[in-house]
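Only one structure is covered here, and it is reproduced in the block below.
Order as written gives the chain letters A, B, C and D; numbering starts at 1 within each chain.
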Amino acid sequence: MGGHEWRNEYAKKAASVMSEVSYSQALNMALREEMRRDPRVFCLGEDIKESTYGVTRGLYEEFGPRRVIGTPISETAIAGAALGAALVGMRPVAEFMYMTFMMSAMDQLVNQAAKMKYMFGGRALLPIVFRTMAGAGRSNAAQHTQSLETWFAHAPGLKVVMPSTPYDAKGLLKTAIRDDNPVIFIENKLLYATAKEQVPVAEYTIPFGQAAVRRTGEHVTIVGLQRMVEIALAAAAELASAGIEAEVIDPRTLVPLDLDTIVASVQKTHRLIVVHEAHERMGAGAEIIAQVVAHAFDYLDAPPQRIANPNVPTPFNRMLEELSIPSVAQVVAAVQSLLS
Amino acid sequence: MSTLPSAPSINREGLNDDQLRQFYVTMLRIRRFEEKVKELFLDARLYGSVHLYIGEEAVAAGACAALRDGDVISSTHRGHGHGIAKGLELGPMMAELMGKATGYNFGKGGSMHIASLDHGMLGANGIVAAGIPIATGAALGFWIRGSREVALCFFGDGGANHGAFHEGINFAATLKLPAIFLCENNHYAQYQPVTQDLPVSNVADRAAAYGIPGVIVDGADVLAVYAATRRAAERARAGEGPTLIEAKTYRFEGHFLGDPESYRAKEEVAAARTERDPLTRFATLLTQLGLAGAEDFQRYDDAVRQEVAAAVAFAESSPEPSPDLLLTDVYDVDGRA
Amino acid sequence: MGGHEWRNEYAKKAASVMSEVSYSQALNMALREEMRRDPRVFCLGEDIKESTYGVTRGLYEEFGPRRVIGTPISETAIAGAALGAALVGMRPVAEFMYMTFMMSAMDQLVNQAAKMKYMFGGRALLPIVFRTMAGAGRSNAAQHTQSLETWFAHAPGLKVVMPSTPYDAKGLLKTAIRDDNPVIFIENKLLYATAKEQVPVAEYTIPFGQAAVRRTGEHVTIVGLQRMVEIALAAAAELASAGIEAEVIDPRTLVPLDLDTIVASVQKTHRLIVVHEAHERMGAGAEIIAQVVAHAFDYLDAPPQRIANPNVPTPFNRMLEELSIPSVAQVVAAVQSLLS
Amino acid sequence: MSTLPSAPSINREGLNDDQLRQFYVTMLRIRRFEEKVKELFLDARLYGSVHLYIGEEAVAAGACAALRDGDVISSTHRGHGHGIAKGLELGPMMAELMGKATGYNFGKGGSMHIASLDHGMLGANGIVAAGIPIATGAALGFWIRGSREVALCFFGDGGANHGAFHEGINFAATLKLPAIFLCENNHYAQYQPVTQDLPVSNVADRAAAYGIPGVIVDGADVLAVYAATRRAAERARAGEGPTLIEAKTYRFEGHFLGDPESYRAKEEVAAARTERDPLTRFATLLTQLGLAGAEDFQRYDDAVRQEVAAAVAFAESSPEPSPDLLLTDVYDVDGRA
């Protein structure tokens, strides 16, 4: 069956069919659908044939060695090759196993990919997805644990996507692949296996720059990034039993950022807490607070707070590591202090 | 340095008379363009970080002539010659150097970032060796599609010491991608003589580390560069993988406009200008072959000078980019930062 | 004359002697003094023998090829070599000509140097200075123009120093060289030649984490980073003629940050503006605002503002470039709007 | 694969009987340690990303024996064997693997970051090839001081494709630094066979790109590794610069604990275990030389097993690091984040 017929059939069958999938399976669905849909889409990376976390599993078998390319341990070459391929009309999806490995490729990612369109006066399309995995919690220690969304959000020309659920993972990855800009697509170590939900088997995409309100409430706004949405929701559940209603917002994309949704929420709740796994200093929490303060200053009843990694590399010891990750208890305590 | 081939024994590489003459004109176009850029810079009619290609013209002219439409190049901070040889027009190039709205990059790139994807010119590059993985990627794109184009990357001797050189070439070699890595060894990386940074005699010696051919050519000999590039391109199109070509060349000017050149002897430069000028050399050859005489050369020069003058006039009379452009082109579609 | 005698003599002669020097000369003095003082101090980098901007000029002649080491164009090797040398007891000063070139060395700078002490449980001294040059304003275009202090301040384990005057440049560089931690020492392109002042010929150091109040005032606090201090002072002068007194604070070091001085100022002025050359999004302005809001919320009469690069790569065209750099007019206008 | 030398013709490299026996004991110590680590991991008494060195013991044991006190090594994610061979104690190593307060890194590093500067062990490393420029830097430090120490870097075949390999070795070569680059070619980089990523037959072939000697040794032959490293160290101490040694070896276990090993045939692993076990091989040699018999081997094994058991007991009875440690050691002196 050729790609086209297959697609029609698939679409017919799939309409309204849901399937319970994990976060990594959802990503796999997105890649498969997009690779079937557009022959210009291809994957490259160090681990993509075997795929330790399952995201690219089975793609090599379906699409073969020219669409699923295992590379040497050469992050600069991976990023540069993705960029060069995009310049001749391809739509690469490059994988960096751990986000820290992107440090080996920053020149190609930022001096080249992020700036190129601008430097060329707009005369280039750069439809590249740089997939990677961040987050803490798996005892990988400091060189395999770091959430670097700040670096990329600080590089104009890149979009930064951080899905927190299987549904979003699929829909946002499809949008990323169809976007004509370089996208840093950040997945999460723990969510791969732990996050599971019903996801449409059929085609859907999720636009960038639209936050999801995961829970509504009127007393405090909690913005959580990626896995911290879970933490925020757990804290909200706990707070609810004490009569405190927290609104939990998942920005889904950091660049572009849906500030309107956050500001509207703060205008209602008058209080803001941002929770993320990245280091606090220069983290996205600072940016979100600075923007909310600029746009909703008069609505704030208390100083916005941040809960984040306390500016330390991630320790190996699992108890210490756990202490370095924002906890439900921290969020609950912060809300209580904000309201007191 | 190779001695001049005597006229009768020359291998024309299948090129006809006009094609041979065209080499000269391309080199001359680069030379006069660069001379004018220097003059304008010293007159403060042009600004920025400018690295001249004077002395190295045969490399760009020979290499790009061996490419076809659809083939692409990636380039360096010293990229004017590459652009001209790949067919970019002098007007928008000069305008870009002046930061004008009519430049290839609307004035937002300048000398180190001139690009024209329509011409297969994937960009000059301010970062040493960064064009190498990019060329590998273009070649990867061709290989995935199964099309027959080739990607050629110009880079300097200094670039051969950067990690991007190693990773980019190695990756291309593992997949036998249709890429050509052309090192312009002009014997200096900024102020450092190549002997200080390169612990081997030739950059081409590094080809063996990737299992690909390493070819050394006289970079002052446009035909030699052409021949080596053509063979590398054939190899690439045949699916046999990349080639590393090292063109031994010399830059007659400083590293950038403003370089005090304290690191090399004036005599060394003077000797190179006398003995290794690719234009003089090729003019002699054309004369020996009876393909051009004094009048022809005068005619070429007049035409090229006019072309350059027209480019300057175009650039100088062009408007500055509108202030709005500051915020555009960061992203596609929405277009704003 | 041996190093020791020389030093005594020098100290005697130099006491209280001042010399008018440029920013780059002041840096040169610091390097020379520290290299004379401590044989473990050495310099390495791509341009350090000739030294386009003069910072390392003459050092090769004085200290020879084993203390002033010209390297290949290999930023990863430069950073890694500095780190390795520090591990065996040396005190390297590594130069990256333009700050953007550090993108080629991020793994060694952040995965290795920044995290190493922590990963080793504290059992390592890493006395390394990574010198580099940032700032805009010289038509170098996007790949040679970017202020990346955010990235490094977001990497626990690194200190981040940004001197704005010749006096500070000398004193802070000496402190950086004597510090047992990796220090990102950011110099400024334009200040090299434009900033000149009387600097003591004698020994002095400036402690990290002590902001300088460059001008006192009671109506608004302007925090400026590096060359933006000049802009802030020019704006303050202009505002003074309209009866508005701005307090201008130069943090001098971003990590550690002297928050107390900033907070005390805001408690007095009730208004804050942060000015920097880096991109606004995720810039240091956000961090400073988030911290000030956390510590002086009740003192603020208006939302703190940022003036920074408007999230664009730096354009080549000099008029566009100029528009991308915070201007005196912008600062003046921001102050006026804050006070209105 | 080299065949076993027959007893009479063996070159003892000037080593006495005890030194030869010591090779065996070191390898055995690594082997038993790693076996125990695997067991503990499968029992969930130990956690983290763990990469075992089983099968490669001769490389670390041979190489480190050729170093002196004061010499340093940098290592990789697969670093337990390097640490043991460099003299680290099993107790604090095991404690570090368990994240305990008595570990070399107070439990803050874990398997991939074990370091002990007192022993000249500059750290395991979670980043492929990152130890290479670090070793270059240590060698640079020695060279600046004019002292006679040597820095040796272990790295894998996969690491030879990273930019840090190129830059680190090239820089060391330009200054003839006292460095040894020792590639452990175990034929796989994670799941990729070396043949896929390396377009040449040997990593050592890349030495020519830096004008330094490239030496291939049988990584299952501890004496061969020792001999090659000793010669490289002599060269380095004599100011003649770095050497690239490639030890052909094989890992008997998966890439990490948990690897399903779908990328290689069980038979291949079984064959290696039979034919290329460095311990069996060296035991045979010691027996042939009359330096050890069955009882001795039993004695060694008992002693080493006891040592490992003591290390486990030490580690398991050690306390977890105090929560305060989360915020310390980010900076020196002020000590807090």
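Everything that follows uses one rule, which is that a residue touches a chain if its C-beta (ideal position, glycine included) is under 8 Å from a C-beta of that chain, and two chains touch if they have at least 3 such contacts.
In this text the structure is predicted, and so the values were computed from the model without any measurement.
Undergrad: Is the number of contacting C-beta pairs greater for B-C or for C-D?
TA: So, comparing the two chain pairs, more contacts are at C-D.
Undergrad: With chain centres defined as mean CA positions, report which chain is farthest from chain A.
TA: Greatest centre separation from chain A goes to chain B.
Undergrad: Using Cα averages as centroids, what's the distance between chain B and chain C in whole Å?
TA: Chain B and chain C have C-alpha centres separated by 37 Å.
Undergrad: Return the distance between the CA-based centres of chain A and chain B, expressed in whole Å.
TA: 41
Undergrad: Quick check: how many Å separate the C-alpha centres of chain A and chain C?
TA: 32
Undergrad: List, in ascending order, every residue of chain B touching at least 2 other chains.
TA: 105, 107-109, 113, 125-127, 161-164, 166-167, 170-171, 174, 196-198, 325, 330, 337
Undergrad: For chain A, write out the residues touching at least two other chains, lowest number first.
TA: In chain A, 71-72, 74-76, 100, 104, 107, 111, 118-119, 141-143, 156-157, 311-313, 315-316 touch at least two other chains.
Undergrad: Spell out the residues on chain B that touch chain C in their complex, using ranges where they run on.
TA: Within the complex, chain B contacts chain C at residues 47-49, 99-100, 105, 107-113, 125-129, 158-159, 161-164, 189-192, 196-198, 262-263, 320-321, 323, 325-327, 330, 337.
Undergrad: Quick check: in the complex, which residue numbers of chain A touch chain B?
TA: By the definition above, chain A touches chain B via 42, 44, 66-67, 69, 71-72, 74-90, 92, 107-108, 111-112, 116-126, 156-157, 159, 179-181, 256.
Undergrad: If we count contacts the way the header does, which residues on chain B are in touch with chain A in the complex?
TA: These residues of chain B touch chain A: 72, 74, 103-109, 113, 115-117, 122-123, 125-127, 130, 132-146, 149, 151, 163-164, 166-168, 170-171, 174-175, 325, 328-335, 337.
Undergrad: What residues on chain C touch chain A, complex-wise?
TA: That would be residues 100, 103-104, 106-107, 109-111, 114-115, 118-119, 141-143, 148, 150-151, 153-157, 255, 278-279, 281-287, 289-290, 293-295, 297, 300, 302-306, 311-313, 315-316 of chain C.
Undergrad: Touching residues of chain A toward chain D in the complex: what are they?
TA: Contact set of chain A toward chain D: 46-47, 49-50, 70-76, 100-101, 104, 139-144, 310-313, 315-320, 323-324.
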